[in-house]
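Two complexes come next, and they have one chain in common, chain A, joined by chain B in the first and chain C in the second.
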Partner chain A sequence: MHIPDGYLGPPTSGALYAVMLPLWIAASRIVKKTLRTKQVPLLAIGAAFSFVVMMFNVPIPGGSTGHAVGGVLVAILLGPWAAMIAITVALSIQALLFGDGGITALGANCFNMAVVLPVVGYGVYRLIGHGAPRGSKRRVIAAGIAGYVGIVAASLFAGVEFGLQPFFHHTAEGQALYCPYGIKISVTAMVGEHLLIFGWVEAVVTALVVKYLQKHEPELLGQEERA
Partner chain B sequence: MKTMTKCWIGLGVLVILSPLGLILPDQFKAGSAWGEWSADEFQKMIGYVPQGLSRLGELWKAPMPDYAFKGWEEKGMTHLSVAYIVSAVLGVALIVGITWLLGRLLAKKGD
Partner chain C sequence: MCDKRRRGSGLAGDFVARSIRGALTFLKEAVFAEETASLPGLLQALDPRVKLASVLFLLLATMFARTLPVLGMLYLVCPLLAVLSRLRLGFFLVRTWVFIPLFSLAIAIPALFSFVSPGKIAASVGIFHITQPGLRAAIFFVGRVTVSVSLAVLLSLTTRHAALLKALRAFGVPQIFVMILGICHRYIYLFVELVEHTYLAIRSRSGARLHHWQGRRVVAWNIGQLWARSCALNEQVYGAMLARGFRGEPMTLDRFRTQPRDWVWLACVTFVCLALTTLR
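Moving on, here comes the complex of A and B:
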């Protein structure tokens, strides 16, 4: 889901940087109020975890590849705003050092994977897990569904961003200037492969880690909610 | 064992296993991710390389493209796996450093 340079026209890349700017500022302000010094190592591990998880490319035999993001887990442990910062750092290093995702597309990639994914995932986790004890089976299921829905939502946005390009930008002869595939193909491909394969990877990663933490490190899953 | 120690060990295990993300796609003959094609692939798929795409694509030359060392593209899976692990270590070190710094700058003092 790492959009490279050149797939999005400058208006789309610019607009998504413009959307990210206030979100990054808001995330810094909110994290400043909520993050405690002793949580800093967990934030750093969360960012690094997301980075490494994205290196595990999962093949669709004979087809394309994709991967989980690990970002819904970071959001469950530290909240969506802290996750936004952690995943932004991971995506920036991927783009700058490894050419995974474009520099011009960094705003777009951050919007999809550092905003939509953790925010939607966290929302789903809270919605389904609400009121359940932190060690309960419902929380594990909530985490799995949150991972699945979060990454599928992110892929939908990526698909729309790709798919708008041939509509906005083409030569007089009808050749595309940037991504050549329209919205139907882009959204079907992006959402389809995440619904079928990569969503399940994110779901399993998120649910398994939450299950492990319930058993061994329950304090990482936050305070028990009061009814 | 302390919680954070366990987290670091978990991260280390993932780094060592990371070449699976390289080897499995190779074994199953899976190509590029959707929307992450090279110029050659575009030529094959649609018969041309979009002009704006090739122009903007030249903008940034990453020092370790595709988590590999430059000039190692033709070497075997073993070399690529080593480069992949080195990339993972480097990436993790940088990301931990930067996030830690950001976190320390932002976090509430005292607790």
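Moving on, here comes the complex of A and C:
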């Protein structure tokens, strides 16, 4: 899901930085208003948590492993605005210090993984889990569906961003200058693999972690009441 | 696009070994990056803010490059800077080519053929035809990705990570973000170590390989437990911040001092980037 440098042209990268700027400002203001001073380190620790969640190897049938992004999980635990900041911080560290995801594509990666993924996923979680007790089975199912829908939505946006490149940037002979695949191929490839494989990884991890916390640390699932 | 899948056995017990290996590699690379950042080389001697700005200029020049010779010239700059910064050339090339450029190369292969890139045929492989526009598009795509990755690797290998995060202040990133980045950076290592220790404990206690379903439960327990520890840690970190004088407003210590060589370097890079961007 991490878009490296060189996949997107300057207008797409610039536009997605421009889209992210007001969202980062809004997220900072909302979080500053709702978070107590005592909880400030929680944002940093939440960011470190999101970073490490992406490193977990999750076994999938057939002996392979995949990686969950954990964006919806972080949104369920911290709330969507705080998740936006935490995931942005994690993605910035990945891009700047570890070369995972591009520096010029940071705006696009943040838009897909720090906005679309947690916001869509959290919306689905609230919709399905609305009114259900904190420890109910419905919340676990809601978390799983939210993880799946969130990651598929993020992959759809990434696919569209890739697919727009040959349309926007090509030479007079029609040669693509950035990602060479049109929208049909890009969206099919990105959404297809997330619908079939990585969506399920995200769904199972999100649901099982919520189930674990319901059983062992139910007070840590109180974000909805705090929000 | 960068989700990784690796082939393994029918059962998924070795996800534990992979996780331990992943954690160890991460910690080793971080220590190694700190070591290379301390070497007496060209890039290491620069002010982190100037270095970040110059890498950004070079990245933008790479992004705007529209001809292969320009991209080639930008690529040549990278190993040259690596050598001048006392990085081993072999190591630098391996580090920059694995994993993203090779992955991009695999992605670019279908674009070579006429069913994706119609145009004048350059070569044929059975019933498939490689076209000239397809070939150029694939070279451009992989080339641009490789130059960008090389620049990002140069930046991270020649700058102390904590200094690089603090340098973001010079680009208008709010202090609260810089502070969060700094704290986050420290706790990533603690968490990775925790994960490594937990998985080592699981490995030493489990005799048989786990079914993939059990494996996913183990991963979920670990993530859940990590979150519980994170919340407990929050109290301790806040206490430590108060003890160090935190009064609700973030403060970062910036001890950066630019020298004439930093400005000369920035001027040279700006000139080269402008020249390459306007070159046709």
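General remarks:
What we mean here is this: the second predicted complex is superposed on the first by the 202 of 227 C-alpha atoms of A that agree within 3 Å, B and C clash if a C-alpha of one lies under 4 Å from a C-alpha of the other, contacts with A are read in each partner's own complex, and residues count from 1 in each chain.
Definition applied: a contact is a pair of C-beta atoms (placed from the backbone, for glycine too) under 8 Å apart; a residue touches a chain by one contact, two chains touch by 3 or more.
Quick caveat, the model's predicted, so the values are computed rather than measured.
In the superposition on chain A, contact of A:Ala18 is made with neither chain B nor chain C. In the superposition on chain A, contact is made by A:Leu35 with chain B only, not with chain C. Judged by the touch definition given at the top, the superposed model places A:Gly174 against chain C, while chain B stays out of reach. With both structures placed on the common chain, the touch criterion links A:Ala26 to neither chain B nor chain C.
By the touch criterion defined above, A:Leu73 reaches chain C but does not reach chain B.
When both complexes are overlaid on chain A, the residue A:Val205 reaches chain C alone and has no touch with chain B. Overlaid on A, the two complexes show chain B and chain C touching the same residues of chain A, namely 1-7, 9, 28, 32, 37-49, 51-53, 55-67, 85, 89-90, 93, 95-100, 102-104, 158, 162, 171, 175-180, 190, 193, 216-217, 220. Contact residues on chain C toward chain A in their complex (touch as defined above): 1-12, 15, 18-19, 22-23, 26, 29, 33, 55-56, 59-60, 62-64, 66, 100, 104, 108, 110-111, 116-119, 133-134, 136-138, 140-141, 144-149, 151-153, 155-156, 161, 164-165, 174, 176-177, 179-185, 187-188, 190-192, 195, 210, 212, 215-217, 219-228, 230-231, 233-234, 237-238, 241, 248. Residue ranges on chain B touching chain A, taken from their complex, read 3-4, 6-8, 10-11, 14-15, 17-18, 20-22, 24-25, 27-36, 42, 46, 48, 50-57, 59-67, 84, 87-88, 90-92, 94-100, 102-104, 106-111.
Chain A contributes residues 1-7, 9, 28, 31-33, 35-49, 51-53, 55-67, 85-86, 89-90, 93-100, 102-104, 158, 162, 169, 171, 175-180, 186, 189-190, 193, 216-217, 219-220 to its touches with chain B in the complex. The touching residues of chain A, when paired with chain C in their complex, are 1-7, 9-10, 13, 28, 32, 37-49, 51-53, 55-67, 70, 73, 77, 85, 89-90, 92-93, 95-104, 158, 162, 171, 173-181, 185, 190, 193, 197-198, 204-205, 208-209, 211-213, 216-217, 220.
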